[in-house]
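What follows is chain A paired twice: with chain B in the first complex and chain C in the second.
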Partner chain A sequence: MTADGLFFYFVAFMTMGGIYAILCLALNMQWGFGGLFNAGIAGFYAVGAYTGAILTSARSASHVGGFDLPIVVGLIVAGILSGLVGWAIARICVRLKADYLAMASIGIAEIIRLIVVNEEWLTNGSLGIAGIPRPLEKLFNGREAELVFVVFVWILVAVTYLVAQRLRVSPWGRVMRAIRDNDVAAASIGKDIQRFQTETFIVGAVFMGIAGALSAHYFKFFSPDATEPLLVTFLTWVMLIAGGSGNNRGAIAGALIIWAIWSLTEMLTNQLPTEWATRSAYIRMLLIGLFLQFVLQRFRSGLVPEKPPELRPR
Partner chain B sequence: MIQFNQISMRFGGMVAINNCSFDIPGGQITGLIGPNGAGKTTAFNIIAGHLIPSAGQVLFDDKDITRMPSHKRQALGMSRTFQLAHEFGRMSVLENLMVAASNPAGESILNAIFRPKRGQEAEHQAYNDAMETLRFLEISNLQDEFAANLSGGQKKLLELGRALMQKPRIILLDEIGAGVNRTLLGKIADKIDQLNKTSGYTFCLIEHDLDYVSRLCDSVVVLAQGELLMKGTVDEVRNDQRVIEAYFGGGKYEDYA
Partner chain C sequence: MMEFINFYLIPGITLGSIYALGAVGVSMIFGILRFAHFAHGDLMTTGAYIALMLVWVLGVSPLVAMPIAMAGTAIVALLLDRLFYRPLRELPTIYTVIASFGVALILRSLIQVLWGTEAHVYSPGFQKPLIFFDSLRIASRHIQIISTTLAIAVALHFFLKHSRLGRSMRAVSDDPELARIAGIRTERVIAFTWITGACLAAMAGIFVGLDTDVHTNLGWNMLLPMFAAALLGGIGKPMGAIAGGLIIGIAEELVSYPVLGVSLLSPSYKSAVAFIIMLVLLIFRPQGLFKGRLLQ
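After this line comes the complex of A and B, so read on.
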């Protein structure tokens, strides 16, 4: 591979890595601060991706829209819609204890996936939506466009990080962590547990939707295959747990490290003989699993563990 | 201050509390004693709003609060500690205290994201109060420790501190002395006494250790098997035949002999 090729491999890596970083920060809001076990990340991701795709793509005969709206509008609406879905789910499920919430959220993500596959008028079914634009597409093309997009993604990673960090150090975040550690005691000191849990579930869902919309713009084409829970929900969870649940920098680091393992091992498995190549995805999953085992044996709270925020003395 | 009015509590077929009434007068230290399974903690959970009784009312300053959710009772000036310490394990000791202070502006998620300066005033206040509380409880040296790493006794002190941070009028202490060594126990008793005598806090405490109860309490309520056995001063209770029987099972012996 030439130096140029290597550089653009890196750009592509950072683009997907950045999208995963947003997902991982969003999950950190729900699980890391809030202790809410959302196993339906793929559902919010799909809501965001399809919202962005339908709103920004050019008019099409095969599904509703597209509405050819600006990408920023698409991203904002994707976040809002995903947040609304999060609100509806939180209303019903947030009182459930961790494992039950996990089951309920898997179920809801599956419902969303079935809607996406079957409601062809809305999503064009399994054929997917094509012609999804990228930002500033008319000004740049080819490899320049890749560069523009990676910068765009990382600006949004920065925004997500800023929000997550502000939430973490605020009194709101402190109450959230208290509820995570002991909900009965949090109620006894006058905190409305349901209100806080609903809020953190919604804000996490908003950013999961934005990450979904970003990936739709990146792929330019979005079909139900891209919402595969193994690739979205499972990988994001591994990223957060390996990186350090509760720590925003840990969430970003975990996203990049796991994504590196996932994409670099693809090069290795491509060298395998054909009868093995078909199984490569599972071999890579196994490697990810082994790495998670290793991390958790050596670093129990992840690579970058949670620290209480500095309290400025005065 | 609190009236426990003809309360019954059933869990399925089990009757934890049966038509039980007593008062917790303001400004005093009231003890709630009784053998295991007498319904003491259940009574606390009803007063604090973690349980809704099957029958009867809880009155706070003559206001019916039987069905008020637990998080709203804090605003009335009621706070509690737990029999098994309920610390916030992955937060520092200082944070454990600060989180107990009320800061509606800082606890709004929109302010947290868009206007992080809001609520700073209350935050300063909470910080100062927390430092003051740590000094009062003599655990300032632990302020940056994760609460999960504290000893059992230190966690009990932290619970008391968290109750104080809410600036309550009444504090419900559920076996604050259980599993605490003698020295620390004496220290906790001093603090409770001091808070009652000089700062006017009302206390209601569940305790097994009768010496501890006699040292602190103005009056005592005795429960046994979910019923009110008697109420009176410590001396009255100590010498009462029914209490001795309930505690030591006297009189029942013949049934098994």
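After this line comes the complex of A and C, so read on.
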């Protein structure tokens, strides 16, 4: 591979890595700050991706939409819709033990997948939506466009990071940590636990939706295959636990490192003969599953452990 | 009328029996170990594939292979507990939920590596249904599935009510601290929970294979209805889980029955039924229908 090819491989890597970083930061808000277990990341991601795709793509005969709206509008609406789904689930589940939220969130992901596959008027079913634009597409083309897009993604990573960091040091973040670590104590000093937990879940869901919309713009074509729970939900969990839940920098580092391992091993196994290449995809899954167990047992605080912010005197 | 029974009610009871067998394990594990076991569906798949291997190698019928597959799945479950769940037992149980999420993936990809991803059947060919009273048609596999589940339900009831081990299990499920103080050996109860849950899961997996085919997502696809069934019956109530499984299985088939030409839901949304039931329960009656508990 030439140096040029290597560089653009790196650009593609950073684009997907950035999208995963946003997912991972969003999960960190829900799990790292709030202790809320979301097993349905793929669902929120799909809501965002399809919202963005339908609002911004050009008119098409095969499904609703072609509203041709600006990408920023698509991103905002994607976040809002995904947040609404999060609100509904959180309203029902946060008052119960975390396991109930886990079961309900995996259910919502399943339902969203069913809707996406079956409602062809809305999503074009399993054929997917094509012709999704990228930002500033008219001004740049070819490889320049790749560069523009990676910058766009990382601007959004930075925005997500700043929001997450701001939430972490704010009084709101302190209450969330208190609830996560001892909800009875937090309730006894008058904090409305359900309201705070619902808010965290919604904020996380909003950013998951934005990440979904971003990936729709990146792929330019979005079909139900892209919302595979293993690749979205599971990988994001491994990234957060390995990077360090509760720590925003850890979340970004985890996303990049796990994504690097994932895509480098894919490059290696693609060199194998075809029959072994498909089989080795499952071996990689198996190893990622074992890796998660190792981290959970030996390495629980992750690469960059959580460090509560210092209290600043007024 | 006969069309309703033959094509909606009997398949519904069959599907419900399969959910029931899986949900018993989910409910017992949730009651005794206090976590939602996300790998339970993949234990079903494991059982189905062990049976498939025996059918291939020994040429026996899947029903003969069933006891060995159940034993094999029980060993797998005990190993999983030893390797992945026991080390996390002192931590908040949500860590075990995360681990089980990973174990689901480990089991499935192991099966994909060993057996590949294409679907298989235990015995090829079309089975002619048995016909009773001229119009009642039941496939023999449906009779096998329903009657075995019935027998299991009765056996489970007597085991939990009257045997010493069964009573210890209920005690740990009701109040683990008190049970420990009373001298019940918790680890033994836990081991037995895994054995029972895994055996029933293997059975359910083989039944899915008998009813349709054996494929690697077989169990994962059943996870949601099994959770819903366990919630419906009340966590830690195995008999409730059996009732819950039957209710959900029947409901899933009946929603697509056309009444006056209109069916409630299109068949492609069948699997949404379990989720809707689950949400309604979580809103109005999270402790389940039958005096179950709400875990904190």
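Simple rule for what comes next: the second predicted complex is superposed on the first by the 301 of 314 C-alpha atoms of A that agree within 3 Å, B and C clash if a C-alpha of one lies under 4 Å from a C-alpha of the other, contacts with A are read in each partner's own complex, and residues count from 1 in each chain.
Keep this in mind: contacts are C-beta pairs under 8 Å (C-beta built on N, C-alpha and C of every residue); 3 or more make two chains touch, one makes a residue touch a chain.
What you see is a predicted model, and the numbers here were worked out from it, not measured in a lab.
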Which holds for A:Gln297: it touches chain B only (first), chain C only (second), both, or neither?
-> second
Touching A:Phe234, do we find chain B (first), chain C (second), both, or neither?
-> second
With the two complexes superposed on chain A, say which partner A:Ala98 touches: chain B (first), chain C (second), both, or neither.
-> second
Contacts of A:Arg143 with chain B and chain C, given as first, second, both or neither = neither
Pick one for A:Ala185: touches chain B only (first), chain C only (second), both, or neither.
-> first
Touching both chain C and chain B, counted on chain A across the two superposed complexes | none
Listed in rising order, the residues of chain A that touch chain C in the complex are 35, 37, 39, 92-93, 96-100, 102-104, 106-108, 110-111, 114, 117-118, 230, 234, 237-238, 241, 279, 282-283, 285-286, 288-290, 292-293, 296-297, 300
Which bits of chain C are touching chain A when the two form their complex?
-> 30, 35-36, 38, 83-84, 87-88, 93-95, 97-99, 101-103, 105-106, 108-110, 112-113, 116, 223-224, 227-228, 231, 266, 268-269, 271-272, 274-275, 278-279, 282-283, 286, 294-296
Which positions of chain B touch chain A when the two form their complex?
-> 48, 50, 69-75, 79-80, 82, 86-92, 94-96, 98-100, 102-103, 106-109, 111-113, 116, 119, 122-124, 126-127, 144, 146, 162, 165-166
Listed in rising order, chain A residues that touch chain B in their complex are 163, 166-167, 169-175, 177-178, 180-182, 184-193, 199-200, 203, 246, 306, 308, 311, 313-314
